[in-house]
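Multiple structures are listed underneath, in structure tokens.
Each of the next two complexes has chain A plus one more chain, namely chain B in the first and chain C in the second.
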Partner chain A sequence: MSDPMAFLLWVKGPMFNWALAIFALGTLARLLEIFLLGRRPNYAEPRGGEWGPGLRTVLTRSVADPGTFQRAPFDVLVGWIWHVGFLIALLLFIPHIELIQALIGLGWPGLPNPVVDAATAVTLVALVATLIHRLRHPVKRHLSTAEDYLIWTVTFLPLITGYLAYHRLIGPYPLALGLHILAAEIFLIVLPFTKLTHIFTAFIARWYNGAIFGRKGVQS
Partner chain B sequence: MSEPSIERGLQALRAEIDAPVAAFFSSCVHCGLCAQACPFYLETGDPKYTPVLKLEPLRRVWEREFTLWGRIKAGLGLSPKVTDALLAEWEELLYDSCTMCGRCSLVCPVGNDLQYMIRKAREGMVASGHAPEGLIGAAVRAVQTGSPMGLQWKTLEVQIRHVESSTGLTVPVDVPDVEYLVLLSSMEIINFPEYLEAIARIFDHAGVGWTLSTDCFEATNAGVQIGSKDIAATLVQRIVDAAVKLRVKNVISPECGHAYTAVRWEGPNLIGRPYPFHVYHIIEVLDALRAAGRLRTEGKETDRLSLHDPCNLARKSGVIQEQRNLMDLVAENFVDLEEHGRYQWCCGAGGGVSSNERADALRRAAFKRKKAQIEAVEPERMVTMCATCRTQLEEGLEEFNMDIPVVGLTEMLAEHLVEK
Partner chain C sequence: MAASKTLGERLRERGVSRRGFLKYCAATASLMALPPSMAPAIAAALERARRPSVIWLSFQECTGCTESLTRSFSPTIEDLILDVVSLDYHHTLQAASGEAAERAREEAMRAHWGEYLLVVDGSLPGPRANPGYSTIAGISNLQMLEEALAGAAAVIAIGTCAAFGGLPQARPNPTGAVSVSDIVTDKPVINVPGCPPVPMVITGVLAQYLVFGQLPELDEYRRPRAFYGQAIHDRCYRRPFYDKGLFAETFDDEGARAGWCLYRLGCKGPSTYNACATMRWNGGTSWPVEAGAPCLGCSEASFWDAGGFYRALSVPAEIDGARILAAGAVGAVVGGAAVALTRRRVRAGEQAREPVTVDELEQRQ
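Then we have the complex of A and B:
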């Protein structure tokens, strides 16, 4: 695989299929691990519903309450910036949309390349800021495990390799593109087995939170 | 009950893991925002009090035994076990530095209901023999005497005589087929006897049929606080038996926070079936009487009053507007604390912390959050509706030489009833 073209073909071919399979099966297993546990019946007379408040919390928990924003403005702002930037780079870059369309047949309009490029640059800076914050903030430093730093790296790599490939900052291009695709594949492979599962499970967690509180008449 | 052991503790933790717990642990990204919602972290600055960290024993059991990847990691020796030493270390974190106030559950960006899991984790602590002495004492007294403070009916009977002589009313005892069975808390009977008098006067005024029961007068539940379903179910069953025996339609939980959570929300699940009666907090009953026009009041308090929402009542049970309706009825200068209702700050004493002497320093530290809130609106008096909160507020304000008396809402209301 010393040949960059062969490397690119490998990451676009067999490796891509492996990554997708591990991602899909791993995520399915993770979701089953959650849902098969179920919940015990609740005999307490409800004061409110579960579904409505649960779905509302799925949405509303994306926005911090004013007090939390005051106490942790960096977390809220930078957290928002890099999540949105990551999603723009992932879902609104035209070559990505074309890939998704080829895979599942669904497409949507993208953003002009310079816009995605700027969003990616902002996201990279924001991610570096989150790493510094994690290393310096007493709570984050105390909480952090090796997995937290691994996941930061796994999240950072697809962005930085994409940025370098787009700007032709490393060459030859097939190698640069191959590294970017490989980084995305590592992300997919690692996702079901680490805290990256929150991409899916955070919505389940929010629903349960909203439902548990909602049943007691509180909109969480 | 068999002797506590690490095996029993692990078994208890396993039994507590359900779909929400798995979804919550799967979602934590170690952002640490829960710490920003916790008075124990904010007022000590010690990151070990970060709420999600308090759940480490439960999280480890989930990872090692309930996830594919965790089982592989455990098999390779890469996933740390839950040991007796770990649980001993976590006792302070799960009891002394958590009132189960649930504020972190409302703030976590991925939606983790941390308080729900703290309650569950305590089951494992009791089963493994790692609960605080103070709470064990309260639980043993509650089971043996019916009261966590060892208070007996004859003490309450003395109170009843006092109320009867000062009001000229009869306090109904063991009267069947009435609308409400009134429960009390021992702390209320000892520290705030004016509550019972207020109830007697308000219910007489509104023509409400009620009774106390000699079989069971205690609403609090040390089993829920310590984390023992067996004890909690035993205590709830006594209430159910008393209510069924007297064939009452409703049971009233007193001015106490956790009693309401215990009787209203956990009780039916502890005994495994719905109740044949409804459960209300006294504040809900009073607001319903107000809405029905059955409370005729005169005059208003004129000094600047603010309100402390008990966590169990507001954030954890949705009783938020009711107390404000009642305040409006009898107070003309009422101002809310800035973060109130579901976002209120805990007084620092709930969840068994006030029964756990070892936690005194932490309890007093956590109060500083409430103190700062109170200082910001400068009330002349505080009003609340939980005997534990009230005691904590009184003690805390006194410690800081703040001359702000604390009153119970029920008794304040009773003072404004139109004389018949």
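Then we have the complex of A and C:
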């Protein structure tokens, strides 16, 4: 009788702690490995600073260069749309902010629910579009591995379950909410061990790129 | 003898006006999501209804549910409806006590075998628990329920303890308490949870049974959809503030005074299905959220164990910081070990390197 509630309490309690623990373990292991290994010492005389160009590149690489946009406008545009939508749903939905505040003590103002709802709907459509594009594009389909489909799924699940729970499209509600939290936990668990690490490494890689070019005195 | 009089006759004897009765019927119709045109039909059916026998078993409970039903600040039609229901056995409300009370129960069961409504409030120690944790006249709750169940037409579990186990079942559940539907498998069960349930929900369920002679449509938790079909959150008058992102941060700040949403103060309205927001309490005077208190989620299973009453719904029940820190430390060690391994491999590679010149390569060929 109380099974959906027991499920919700499990995903909100022990499972949540396990997911966070695995996320912390995996992420620290991966990031420490990257940082401690560092790069080969460069004995050449530097022609410019590393920090400035490094940090600038972290930002500038967010915008695709014109050539990339001309070659793959769909990837750039839809990629941007769903990343922004995902971040809005994740970081600006008030219950999520409450959770983050309870975890790390940091809070910020959220967006009104209808805005977050619309962003989520757009993100869902964009994600489905990326999957269709990946499946229909011969080169992309050829390049795609099982991991690519896995991370698409673990990214899509928290969004769709959140949307279903918010609109109460599946019931009972504790089950809907529990499924959403579980999907987010799977995302956290999978993150450190797959391409999803780009959430962190994309910025590290950009910094290294910018820093290398900066040291050589070249524009990046 | 008493059972031969109809409900209508009894209500008239008690001085309930036709107008008051019809108003009650109209309210019942709207509660059951029926068109207002159904009110006369309900009135007619209620008037014709024979006094159904109700046996009310109180197990591991606090009498709050009975209080909710009887302690309305003025006598209401709901009261009277319940009065005219033949409440043949109810610890708190019956005059008889001791052996005589138990005899009344047995007689009522015999007289209305197969027809009576069994109302249970309170959880009961389960089949594997020590039956001595809760007994009445030396009879264990489980035994009494099973005996009464055999001749019951249907079972109504009143209150969260009876419906879901409630407070007695909360961790660590020392008495092995279970809900009614954990025991009853072969009879229809209606759960009317709440701590306590809204009085009119209790009488509404009874009225629906009397009018239509059948059990109401139930949700996944066997709660009548008419009363538990919508979340508190979806009918809350503070909902616009939630959607706009305006929250009371403490119980006495500007937001609290302005009547903003209580989500951040731990309101469980989004996950709670009950009729408080629409029917309200104390004759429609107010209800917890209107009084400035967040909804505790009392009509949901395991609500005592579902995290702090004053913590937001999305916040985990308990955050195990030590485990997360420990896992992070293990991660750091794993990362360090991976680095050490890679470094050693690189160094070994450097040592095992055999420099070769172009001339040497050409000679080898």
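Keep this in mind: the second predicted complex is superposed on the first by the 216 of 220 C-alpha atoms of A that agree within 3 Å, B and C clash if a C-alpha of one lies under 4 Å from a C-alpha of the other, contacts with A are read in each partner's own complex, and residues count from 1 in each chain.
Everything that follows uses one rule, which is that a contact is a pair of C-beta atoms (placed from the backbone, for glycine too) under 8 Å apart; a residue touches a chain by one contact, two chains touch by 3 or more.
Here the structure is a predicted model, which is why all the values come from computation and not from measurement.
In the overlay built on the shared chain, the residue A:137 is in contact with chain B alone; chain C does not reach it. Look at A:195: by the touch rule set out above, it reaches chain B but stays clear of chain C.
Of the two partner chains placed by superposition, only chain C is touched by A:9; chain B is not.
Look at A:30: by the touch rule set out above, it reaches both chain B and chain C. Touched residues of chain A were counted for both chain B and chain C, and B has more of them. When both complexes are overlaid on chain A, the residue A:170 reaches neither chain B nor chain C. Overlap of the chain B and chain C interfaces on chain A: residues 29-30, 33, 36-37.
On the side of chain B, the complex with chain A involves touching residues 17-24, 26-33, 35-37, 41-42, 45, 47-48, 50, 52-53, 66-69, 105-113, 116, 264-269, 272-275, 278-279, 315-319, 339, 342-343.
Touching chain C in their complex are the following residues of chain A: 1-2, 4-6, 8-9, 12-13, 16-18, 20-22, 24-33, 36-37, 94-96, 98-99, 102-103, 109-114, 168, 171-174, 177.
Residue ranges on chain C touching chain A, taken from their complex, read 164-165, 179, 181-182, 219-222, 231, 234, 242-245, 247, 263-264, 270-271, 273, 300-302, 305-307, 311-320, 323-328, 330-332, 334-336, 338-339, 342-343. Chain A contributes residues 29-30, 33-45, 47-48, 57-58, 61-62, 64-65, 67-68, 71-72, 75, 79, 137-145, 148, 192-193, 195, 197-198, 201-210, 212-213, 216-220 to its touches with chain B in the complex.
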